[in-house]
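So, here's a batch of structures to check.
Shared between the two complexes below is chain A, which pairs with chain B and chain C, respectively.
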Partner chain A sequence: MLNYWANYFTRNGIGVGMFLLAAVLLWMVFMIILPQLYMVDFSLRANVPPPKWGGEEHVYTLEHYKYLLYGSSKSAEQFNTIDLSVFGRTILAAVFVTIIDLCLCYPVAYYLAHVARGGWARLMIMSLIIPFWINEILRAFSFKVLFGTSGLINNALMAVGLIDQPYDFVRENVALYSGLSYAYILLMIFPIYNAIESLDKNQIEAARDMGSPWWRIHWRIVLPHAKPGICSGSTMVFMLSAGALAAPQVLGGPSSLWFTQIIYKAFNNSANWARGSAYALVLLLACIIFVLLMMRIFKVKLGEIAR
Partner chain B sequence: MSADVTLDDVWIRFGDFVAAREANIHIEDGEFFSFLGPSGCGKTTLLRAISGFLTPSQGRVLIGGKDMAGIGPNRRPTALIFQNLALFPLMSVWENIAFALEVKGMSKLERRKRADELLDLIALPGQGDKRVSELSGGQKQRVAIARALAAEPDVLLLDEPLSALDLKLRQHMRTELRAIQQRVGITFVYITHDQGEALTMSDNVAVMREGLIEQVADGSTIYDSPETAFVASFVGENNVFQGKVNRLDQSAAVVETPYGEFCARPIQRNNQDQLRVGDDAMVFVRPEAIENAQSDSANRISGEVLQTEFEGNLWQLHVQLPNGGPRITRSSINDGRATKHQVGDRIELGFSETSAIALPTGQLAAE
Partner chain C sequence: MGITAFNSSAFPRVTPWECFTVEWFSVLAEDKRLLTGLRNSLFIGLGVVCLSVPLGLAGALMLTQVKERVRPWYYTIVISPILVPGVVLGISTLLFWDRVGVMFGASRDSFFYNGFFLTIIGQSTFIAAYTMLVFISRLQRFETVQEEAALDLGATHWQTFKKILLPFLAPAIASASVLAFLASFENYNTTVFTAISTSTITTVLASKVRYGIDPSISALAVVIVVLTLIGAAVHEILKRREIARSKLAAEVAAGNRLSIGKQTPWYFDPALIMIFLIVVAGVGTTFMAGTMGVEECKVAVKTEKQRATQERIKALRERNQAKRDVEAAQQAQEAEQKREEKEGRTGTENFNSIFNTDNLAPAEDAPETTGEPENDPSRTGTENFNSIFSTDNLAPKDDSEQENGEQDKKDEEAPRTGTENFNNIFDTDNLAPKSD
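Showing the complex of A and B:
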């Protein structure tokens, strides 16, 4: 360890070495650790207006966590069905988006890694990346245009004669799921692509040589090999979908509230930072626990994901 | 079950590049057949055409008399052992071996039983539950063979399966492979760039150069009567003298070279490149056929000893012919009677008419 640091300083010089070290430490402390700790602190205190922060009334309490469960800090008679159901639905919807992305990306990643050749593969990757230069809000609104009752898709479907009434994609959340799936598709494709690309083609051919139909080749050879990539892609898509704000705000149907929207409201409209941070932390913890649980079920180690 | 394999005028092109041309081969049912040639000569390409991963640009592949056109690798009665083995690292050893049975829908109990039988056959009893990564190189090799045999192919195709092993193991596996082939009795088509492997294991060998099959014969014919300059120089060591044919009859050719007139056995190849009087020709003599000059030696050469090498069972002598002539190699058995030579000695050597061969001049194998 000592050796490592000695080496580090001789390699970078004392000045640059110190600077890099300080920069990384400052970054970690001020940008990552402190703000989160601040949030934890907030979530555990009473909700008082900013001038009284740190004052006598700013006492420690669990009322905001209780509020998520019971809808009231006093009684424990009725569950807070509104917030809890939104919370549950958000997690479910994020799982759903993850599954959609997985189903879309696995074949594409396999195609890119093992079927497409040189220039064609590069072209496909480029055409996947470039749409992501468009920012999130623009993308969300363009999807709204696409899926709106007088949008492109409805017009096209009606022109062909498949439907005669415009279909409300937004109300049925089709627009939201499409928007979210599209937004995180790259985060799913690339880890899977990386994993599949490292698979020796001969293994696929060996399986085929032994009479295996294509689905068994995928089930027994390609999928197990791609598992770490699938896991890391799914983790990212799931976390980001559950925490998305712009897409649900713009594309969500009137009946569907995303949990992040409740959090946003708590921070912004009701100026209840304490409840907002409590809710946000619960969401974060729930996501982490969910991901760890999934990794347990699918027998993936944390180290494999980070490859 | 076992089947014969026929290549009927097979050509394989990649764009403008011709990887295999005019391949006409008949491999008998139950035969151990080898393709031998330097790396890049198109051996793997031909094997892939037999296994069905590649469709010939022209010509037919027949297995068991049946034209294989349009039949994919998963439906051919062949099993291929890949150059890098391509074992499945995420499966246990027995699952690897039983993969073909899994595909056939055999029950797990039966699969396990059959895998254990095959593990006995390859002398790895009780190792079925290991991971592939826990095996040594030679063991992996044998698992790959068992995995291929589990599919009960009529023809087993092997792409340089021993090239990753060290010398000792390689020699051991040669014997083992041959023994397995004789036990299971199916056709083996074996690819190698190692002439030792080809000669020791095979019933017949096809020697390839740049996509072309130069000669097909059994090992001793390939070694004793190579039909082209390439085969003569690629298979085993050979000394070569360039010259012109002076006289020629059925049993003897006299070739005039700058180092003297040599009398040699002409090898006449059917219907092409026949040796004629006045043609450029090459005389090949094996190092072990060169001896000290006797009074009755048909062919004599003299030169200066450049180097002597002791190889245990053999003495190798490198001799420089005068006037910028070739370096020749002589090897003699170390039986305690061989005369010791010093570097710089002048030496008189000879070889008999029957131990030398004359061939039309052609391209030699690169060293």
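Showing the complex of A and C:
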């Protein structure tokens, strides 16, 4: 060990070596590990006003997790159907958004990687990227303009004559799902694009020469090759849509809550920080489980996901 | 969405189109809260760049140096902030630094409770991971031989770092800075928790969007899009230049001077042409709007609206008059029917069906009566009552709230609601016997 450090400093020099060490320690310990651990600790403690934090009344308790399960910290007779159903709906909706994005992005990524050429490919990529430089909230808001009862889509449908009354897309959550899918489309396209681009075209041509139909070419050659990209894209999209706050706040219908909105309310409205952090931790755990599941299903390593 | 910025309607929308105007841009420029938010966001963005770029650089350099056995663990930890929901990062940062503040006995207005400090720290946690990925991909092409050569020739470690590694990483540093700034500028999930009382542009926007909005938001979107397009075009031109220069260098090195003129010049690139056209069109229409008579158009729209409302009121009144006539006629008919009722059971089929559930004939009759509502005296009364009620209520509103965008909808809906109610009542009455 001592040998290793001696080696490290001879290789980098004292000054640069110290800089690297200090920066990495600051980042890893004080910005990533300790805050997370402290949040776990905090979520396990009673909800007392800030001046008493760390005092005698700040005891360890499971009440916030119990509250999430049963709706009250004392009795365990009935489940907290409101919070739990919101949690379940958030996770399901995030999975749904991920699937939509996958279906949308795979053809686009394949087209970009193997069909489009030169300037047009760049134009396509650029027109995909540019909307993402606009603020997240403005993007969500533009979907509200599109899908509102007096919005563009309703007016177009009414002009064509498909519907005779404006359809409330916001109430039916159509606006929310499409807004979320659109918001994270890039995170799905680029990993898949990177994966497909490295595929040797000769393989596709060989399969075609052998008389394979187009769907089998995709199923047997392109899809397996794009697997790491699909895995990382799905993970990112799932994480971000499950943890999204802006889009549900702007686009969510009156009857639908997102789990992050409950966390936000616990912090801002009911001033129960401990419960908020307990809920945030549950969300984090759900996300970690999803990532592990994806890694198991697609048999890829974490290093390949975060790229 | 961008289009709504130029509509004079008070609510951001494309249809109905009223007037082409640029006034929302001046509204935007005078919005104090938004401007404060913008300034704070710029400041925080700079802070994040200053913090996350060195952190990401150190993280990437460290990755090549940690032991083989520890590397996967190290990588998992530093990459995890990307995968952790932003909400969680914000909360944990807020709680942790509050704790640290208490530990040092810091007061409530020290920097541990400062929105700027907390937001910069919270955002850098995950933005540093982004920048690290940028540095890693650049470092993969770095040849450590260069460093070793410099060290062998007697350079100090610091000199090697400064003269060899940093110049090599310069493009990566530039793109990482841009990335970090943009990511910080548009972050909401983390910022909303860490910014305590400081307002950034995203939090101001969020509250604007949630509690009342006007098209100045669309105007802001237009500004951002135009800036973005210009930035993209500049970036594209620079990239083209660089590629051309390296090509030239390669060709000169190969002693081949003939093919220099062959490459397509940058202004033939379809992507660039497209961007250029969009920008020109945008700026052109904005300029046009300034020269056209916005006020005249507005007045025209206002009078047009008033006229339409008047006509609608008139039409409604006429309809009501007609209905009253029909009602009178039917009351006469009703009296007649009542007379008939005494003699036989004609005209009361509906009521019979309630009692004679085993009899199929009345159930078949029911849909027929649905088609001719005028036959039922009780219903006609309801209809008249409802529609009279709605017109009386709506008429004064129409006059007072000309500008209100939602008004049109109400006008159309209210009479309809009357009919709908009426239909529903009728349906349930008729359906009850059927279900039996």
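One rule holds in what follows: the second predicted complex is superposed on the first by the 282 of 307 C-alpha atoms of A that agree within 3 Å, B and C clash if a C-alpha of one lies under 4 Å from a C-alpha of the other, contacts with A are read in each partner's own complex, and residues count from 1 in each chain.
Everything that follows uses one rule, which is that a residue touches a chain if its C-beta (ideal position, glycine included) is under 8 Å from a C-beta of that chain, and two chains touch if they have at least 3 such contacts.
Nothing here was measured: the structure is a model prediction, and the numbers come from that model.
S.K.: Do chain B and chain C fit side by side on chain A after the overlay, or clash?
M.R.: Here chain B and chain C can both sit on chain A without a clash.
S.K.: Touching A:V24 in the superposition: chain B (first), chain C (second), both, neither?
M.R.: second
S.K.: Who touches more of chain A, chain B or chain C?
M.R.: Result: the larger residue contact count on chain A belongs to C.
S.K.: Considering only the touch criterion stated at the top, classify A:I221 as touching first (chain B), second (chain C), both, or neither.
M.R.: In the superposition, A:I221 touches chain B alone.
S.K.: Could you say whether A:T61 touches chain B, chain C, both of them, or neither, answering first, second, both or neither?
M.R.: A:T61 sits against neither chain B nor chain C.
S.K.: After the superposition on A, what does A:N194 contact: first (chain B), second (chain C), both or neither?
M.R.: After superposition on chain A, A:N194 lies in contact with neither partner.
S.K.: Considering only the touch criterion stated at the top, classify A:N80 as touching first (chain B), second (chain C), both, or neither.
M.R.: A:N80 sits against neither chain B nor chain C.
S.K.: Kindly classify A:Q203 by the partners it touches after superposition: chain B alone (first), chain C alone (second), both, or neither?
M.R.: The first partner, chain B, only.
S.K.: Centred on chain A, what angle do chain B and chain C make, from Cα centres, as a multiple of 10°?
M.R.: 110
S.K.: Contacts for A:G211 in the overlay, against chain B (first) and chain C (second): which applies, first, second, both or neither?
M.R.: Once the two structures are laid over each other on A, A:G211 reaches chain B alone.
S.K.: Applying the document's definition of touch, where does A:N272 land relative to chain B and chain C: first, second, both, or neither?
M.R.: Neither partner.
S.K.: Considering the aligned complexes, could you tell me the closest Cα pair distance between chain B and chain C in angstrom?
M.R.: 14
S.K.: What does chain C use to touch chain A in their complex?
M.R.: The contact residues of chain C facing chain A are 1, 4, 12-15, 54-55, 57-59, 61-62, 65, 67, 72, 75-89, 91-93, 95-99, 102, 121, 124-125, 128-129, 133, 156-158, 160-161, 182, 185-189, 192-193, 201-202, 205-206, 209-210, 213, 217-218, 220-221, 224-225, 228-229, 231-232, 236, 269-271, 274-275, 405, 409.
S.K.: Within the complex, which stretch of chain B touches chain A?
M.R.: Residues of chain B touching chain A: 51, 53, 72-75, 78-80, 82-84, 86, 88, 90-91, 99-100, 102-104, 147-148, 151.
S.K.: Mind listing the chain A positions that touch chain B in their complex?
M.R.: Counting only chain A, the residues touching chain B are 200, 202-203, 205-213, 216, 220-221, 224-225.
S.K.: For chain A, which residues count as touching chain C in their complex?
M.R.: Chain A residues touching chain C: 4, 8, 11-17, 19-20, 23-24, 26-28, 31-36, 38-39, 42, 50, 53-54, 119-120, 122-123, 126-127, 129-130, 133-138, 140-142, 144-146, 148-152, 155, 235-236, 239-240, 242-246, 249-250, 260, 263-264, 267, 273, 276-277, 280-281, 283-284, 287, 291, 302-303, 305-307.
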